[in-house]
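One chain, chain A, appears in both complexes that follow, with chain B as partner in the first and chain C in the second.
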Partner chain A sequence: MLVIKDLAVKFPSRFGDVTAIEDVDMTIAPGEIHGLVGESGAGKSTVGAAVIGLLPTPGYVAGGELTLGDTDLRALSREEAHRLRGDRISMIFQDPQTSLNPLMTVEDQLVETIQAHSDVGYEAAHKRAVDLLEEIGIENASARIKSYPHQFSGGMRQRVVIALALCTDPEVIIADEPTTALDVAVQSQVLELIRRLADTRGIAFMLITHDIGVIAQVADRVTVMRHGKVMESGETRQVLGAPEHPYTRALMAAVPPLDRRIERFAIPEPEAGGAGAGEAAERWLLEGVGGAATGLRVLDLSVQFAGTRTSLFKKPEPFTALHDISFEVRPGSIMGVVGESGSGKSTLAKVLTGLVSPASGQMHLGDAPLPGAKQRGRGHPSRQLIQMVFQDPYSSLNSRHRIGAILAEPLWLYGLVQEAGARRELAAQMLDLVGLPADAIDKYPHQFSGGQRQRIAVARALLARPRFLICDEPTSALDVSIQAEILNLLKDLQANFGLTILFITHNLTVVRQMADDMIVLRRGRIEEAGSTEAVFEAPQAEYTQKLLSLTPVMPREWQIAG
Partner chain B sequence: MIAFLKRSEGLWLFVRSPAAIVAAVVAVLIIFGAAFAPLLSPVNPYDLSSFSLFDGLIPPLWQEGGNAKFLLGTDDQGRDMISSILYGARLSLIIGLAAMVIATVLGVGLGLAAGYYGGRFDAFVMRIADVQLALPAILTALLIDGIARGVLPADMQGDLRIAVLTIAIALSLWVNFARTARASTFVQMNKEYVQAAIMMGQRPARVMFVHILPNILGPLLVIMTVDLASAILLEATLSFLGIGLPPDSPSLGTLIQIGMQFLFSGEWWILWIPTLFLVALVVSINILGDFLRDVFNPRLR
Partner chain C sequence: MVYFILKRLVQSVFVMLAVAFLAFALFRFVGDPVSQMTGVETSVQDQEKLREELGLNDPFAVQFYRFTTDMLRGDFGFSYRTRQPVAQMISARIPATLELGFVALLISLIVGIPAGVYTALRPRGVTSQTILMVTLVGVSIPTFVIGIMLIFYFGVKLGWLPTFGRGGTVNVAGWETSFLTVEGWRSLILPALTLGVYQLTLTMRLVRAEMMEVMRSDYIRFATARGVPMGRLYFRHALSNTLVPVITIIGLQFGGVIAFSIVTESVFQWPGLGLLFLESIRFVDIPVMGVYLVVIALFFVIVNMVVDLLYVAIDPRLRVRDAT
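What follows is the complex of A and B.
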């Protein structure tokens, strides 16, 4: 039984100690999965790190109690704490790519860990390692144990990480975002495995995640954190089904449902308004629109990349990222593109924006043919008409430029506004339109939060007066409440300016809310295409059905009307 | 401004680092002294009429036989040591700075372009860099020097010595800049802001210099300081070997070479004072470079 009482963690800085978490109470019984949920900066990972004694320097536990069984974790010496880690508490990290040593076989890593913690010979350790791999569902374990980590797929690798955590028969496992880097199908398998280990071995899990769907699927109890404090705690059914704290309620309302479409998302404590006034910018945009919206047609599009060279003399086999894709985006509609990692959805965006050349196929923007990257000159009109909002707002804005310079760039580049003062004026108006204060114009990107940065990225795209907007996972790096804000903003802009949008995402619930039509991509091929409602209500392809059934959802009665 | 300085991480680290403060004070004093050498030094060592052989080999003031007119003594020609050193440091710093600037422009330009275009252009530039690395700096300098001697008319050679020396040093230093700029550019090329700029149809030169360059300045600044020290040392080495500046307009290296003749004759100051001065200059610049590296690399903190 892990008991956390009044835990406080502080980080000394040059301006005095910063309190990362305080007054955190939590009790995890054997066999219980305790979900710890919160948005970024809530301090949930800090709780896990404090329990296992791996706080990043110079952080320290400033107060409270941490007890595991009858052991006081705070009273342990360095040496004892080190032995306890792994022996009684283990940890599973987010990224299975980096938590295994790529130069050691799985067997070496497992045997090493087992022998480090118990005095057994190689034979016994090896047998235990094979048994463990079998237990966590790796087939043909006695042969596969000789493999290196890269020879396993992402989900299998995360299973190996779990096996490694199990080596020493721990009482508590802290799982920090264990499924965030995984696709939905693999995620659900890993969650099932965690559930089974809790039930059969009686391990207490602390499951740290930002995904409420994951919590709803496996956790017995849940603690909601915000700004380093516990907001609400209790049985999952209780907390998620009938939340008492306003923050929990707001958080639940911001989660997009999978089984129906809602018009707008509820926003807990808006960071910035929806689409704001910015009338001049609005007029300017409408004036550029002049006439009907622009659609996009793609016919038999294929993309190949150079493959890995296997021989010095043979040309490497090309790797085909997209196979003969054909689809049409109706003018003024939102087309959703869904797929797991490696499905080619980002490649599609790169071809359309002219960063990657297609191997064959045709593209038409409106009635004009759209040449591939190599034939598309820098001055081609589509460079202006197609704009893109990228996934990561932390890298899509140049951190050394002021917001004003970033926003004025498209106006200057496309010769839309000649005079520098007028460009600045329009940029300020556009900031207003996307819901940011006007004084943002002289700041640098790092002075804004992720959601605000994404608004700036949207403003930059709009200032090119585009007719076609590509959004590549625009919200996957954002918290759920910020995601709701950005999606509302995109909906508003689309409705007001008749933009045509290609919305790329791995998140089915978001597509259902945003897209009019959708295509499902898998390994570079279209599995299913159709209107969003039709695909969700009656999916035809087996793959789509599988994706839909595996996406973690909250039971309907827990959902709060938006 | 004051609010900015209060928040500045670099300044905060600087105040807490005694080595950096001492190095900065030494470097600033030397650079200041060199820059205002004509105002500060008692005599002009390049003006033959301003010194006399009768004043030759006077020891520094604190030694027996010292003369209040020559605080650090004189050399065998009767030149005041302080004046020679200040004027010499001036030449050394001018050559070092100029060589560093040329190497930066050349190296950063080529490195950025190599990282941006990749492929064959990258391979071409980097092979040239490899060849350059295989040649010791002194060999490059000798080569340039030889070419200049052969090509330029004899009466111009004296005037162009400084230029020849600067180019020779710059050529042996640009590789550092090119390699660092190329590696940093590769990292930036995958960032979405660069993709966005390319996608919008911006000119390559604008993407490179307006978008990428400001984001890779940190490591380049560090190399600039470290290479400034190398350039000064390289100049001193070349002058010491006699292929640098002539004895009538001595740089620090030339002064050390002149001093070498008096190493065992009891007139220690002629060798040791310019040498210590050079060591102080180079070490302080290097410490500042190390400090800058720590500021720009949070992982080393």
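What follows is the complex of A and C.
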């Protein structure tokens, strides 16, 4: 039984101690999955780190109680705390790509961990490791155990991570966003595994996540956090079914439903940036439209990449990322592209923006043919007409440039506005349009939150006066409430300026809300295409049905209308 | 794997050809070989005759072909200065330089890697700060000053160690080694230290920076969360990941140590390649300079190849994916 009482964590800084979390109470019984939900900055990972004693320096536990069984976790010495880690408390990290040592075999890492905590020989440790991998669901474990982490797929790697956390038979496992980096199919398998381990082995799980759908699916109890404080806590059924705290209600309302389409997303607390702002920028955009919206036609498009060379004399087998794809985006509509990782959806974005050359096939933007990357010069008009919003707002803005310079770049690059003063003015108006304060223009990207940065990225794309916008997972790095804001913004832009949007995502609920038509990609082929309503109401392909059934959703009766 | 090695070999051949071309151009176009070889009293007819005999009137391509094939056969020509075969001069000097470079590298690794690890794990400790400061002084002072200071203190003032030459050497199968005599080792200490100090600082700072980066990575945090013993955590998990990029730099450095040991060798009158090169420059001994160029290039090529192979040995992700 893990008991957390009045926990407070502080980070010393130049201006005195900053309180990261305070008054956190939580009790996790054996066999229980306790969900800890909140948006980024809520302090949920800090709770987990405090329990396992791995707070990032210089953070420290300032008050409260932490007890596991009858052990006082705060009273332990450094050595005792380290011995306890793994032995009684373990942890699962978010990204299986980075949480395993790439230079050691899975066997080395497992055996080492087992031997660190129990006095067994290599043979016994090896046997336990193999048994565990089998239990976790890795086929042919006795052979696979000799592999290095990179030889496993993402989902299998997360299983290995779980096996590592489990191999010492801990009482508590802290799972910090264990499925965020995984595809839906893999996510549901991993969640099932966690549920099973809690039931059969009586392990207490602290499941830290920002995804309420995940909580609804597996957690027994849930604690909602915001700004380092507990907002609401109790049984999952109770908290999500009849939320008492307004924040919980708002958080749930921001989650897009899978089974119906809503007009606008509810937003917990709208950020600054008034309605009716940025009129000048709006006029400028409309002025550039000067006519109808532009569609996109793609016919028999294939993309191949060079494969790994396996023989000296044979040419390497090319890897085909896209197989004869054909589809059409109607002018002024939003086309959703759905697929799991490796389905080729990002390759599609690259080939349309002219970063990758197609092996065969044709592309047409409006009536004009769209040449492949090699034939498409720097000055080709499509370089301006097609713009892109990337997934990660942290790396898609140059951190050494001020926002003003970032926004002015498309204006001079495409020769849209000649005069520097006018460019700056327009950039300021555009910031207004996307809902950012005017003083943002002289700041640097790191001074903004993820959602604000994504707004800047959208503003930059718009300042090129595009006719066709490609959004590659624009909200998957963002919290639900921020996601709702960005999606609302994109919807408005599409409605007001007749923009045509290609919306790439792995998240089915978002597609349902955003797209008019959609295609489902799998291993470079189109599994299903049609209007969004039709696909969701009556999915034809087995694969689409599977994806739909695996997407974690809240039970209908818990949903809150926006 | 075989493909990888073959590819690197083919690339190396081209690198060596390019260097051979440079050496040849030096030989052919810097000064006139005939006027270097003959005195003032040689008549113009005789000079022309010599030119014809030496094949200097042949087309450029033919001469270059002859130059490279001679090289491949081990015929490097004769020194203008000593009239000895260049091959003999170079091979007599190589052991001295290689041994010096090797010991210097060893010093830099044996001290540099642990010091790097230590300063990375205790970045704020007094000892770490002291080490960092002292080594910074080590890089800032030019090599020859360090050498002279060492000579002054240990050689002249204390009189503990010899200040020039290789001391006693033993000939093992044509290789003059100073590893087998006490006097040889004593002579080796000061020059190796001088040459190693700079490398040491670089190695240490590189290890430190990489190690600090690795210690922040998810897999180290995960290993800590699993309670992997600290010793294993630092040296098995963290250090091996640290070494991947460090090896490249160390490899290049070792090439540099060999190529630029000139200063140290001249300070300590160390009879190695560097000293030979300096003497050759003084006498415009172009054949020796050309061959020196080729030998050093060959050395760089070999070291780089070894580094690449080490890379593959350390990092399983670079091995060909056989069974997945």
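Just a few scattered comments:
Just so it is clear, the second predicted complex is superposed on the first by the 552 of 562 C-alpha atoms of A that agree within 3 Å, B and C clash if a C-alpha of one lies under 4 Å from a C-alpha of the other, contacts with A are read in each partner's own complex, and residues count from 1 in each chain.
In this text, contacts are C-beta pairs under 8 Å (C-beta built on N, C-alpha and C of every residue); 3 or more make two chains touch, one makes a residue touch a chain.
Just so it is clear, the model here is predicted, and its values are computed rather than measured.
After overlaying the two complexes on the shared chain, residue contacts for A:151 are found with chain C alone; chain B is out of touch.
Touch criterion not met for A:511: it reaches neither chain B nor chain C. In the superposition on chain A, A:255 contacts neither chain B nor chain C. In the superposed model, A:132 lies in contact with neither chain B nor chain C. Between chain B and chain C, the partner in contact with more residues of chain A is C. Once the two complexes are laid over each other on the shared chain, residue contacts for A:86 go to chain C alone; chain B is not touched. Within the superposed three-chain model, A:353 lies in touch with chain B and out of touch with chain C [touch as defined at top].
Touched by chain B in one complex and by chain C in the other is not one residue of chain A.
Here chain A touches chain B in the complex through residues 14, 353-355, 377-380, 383-384, 387-388, 390-392, 395-401, 409-410, 413, 460, 464, going by the rule given at the top.
The part of chain C that touches chain A in the complex is made up of residues 2-3, 6, 217-219, 221-230, 232, 236-237, 240-241, 244, 314-317, 320-321, 323-324. Residues of chain B that touch chain A in their complex: 12, 191-193, 195-203, 211, 214-215. Looking at the complex, you find that chain A touches chain C at residues 52, 54, 82-87, 90-91, 93, 95, 98-105, 109, 112-113, 116-117, 147-148, 150-151, 161, 164-165, 168, 308-312.
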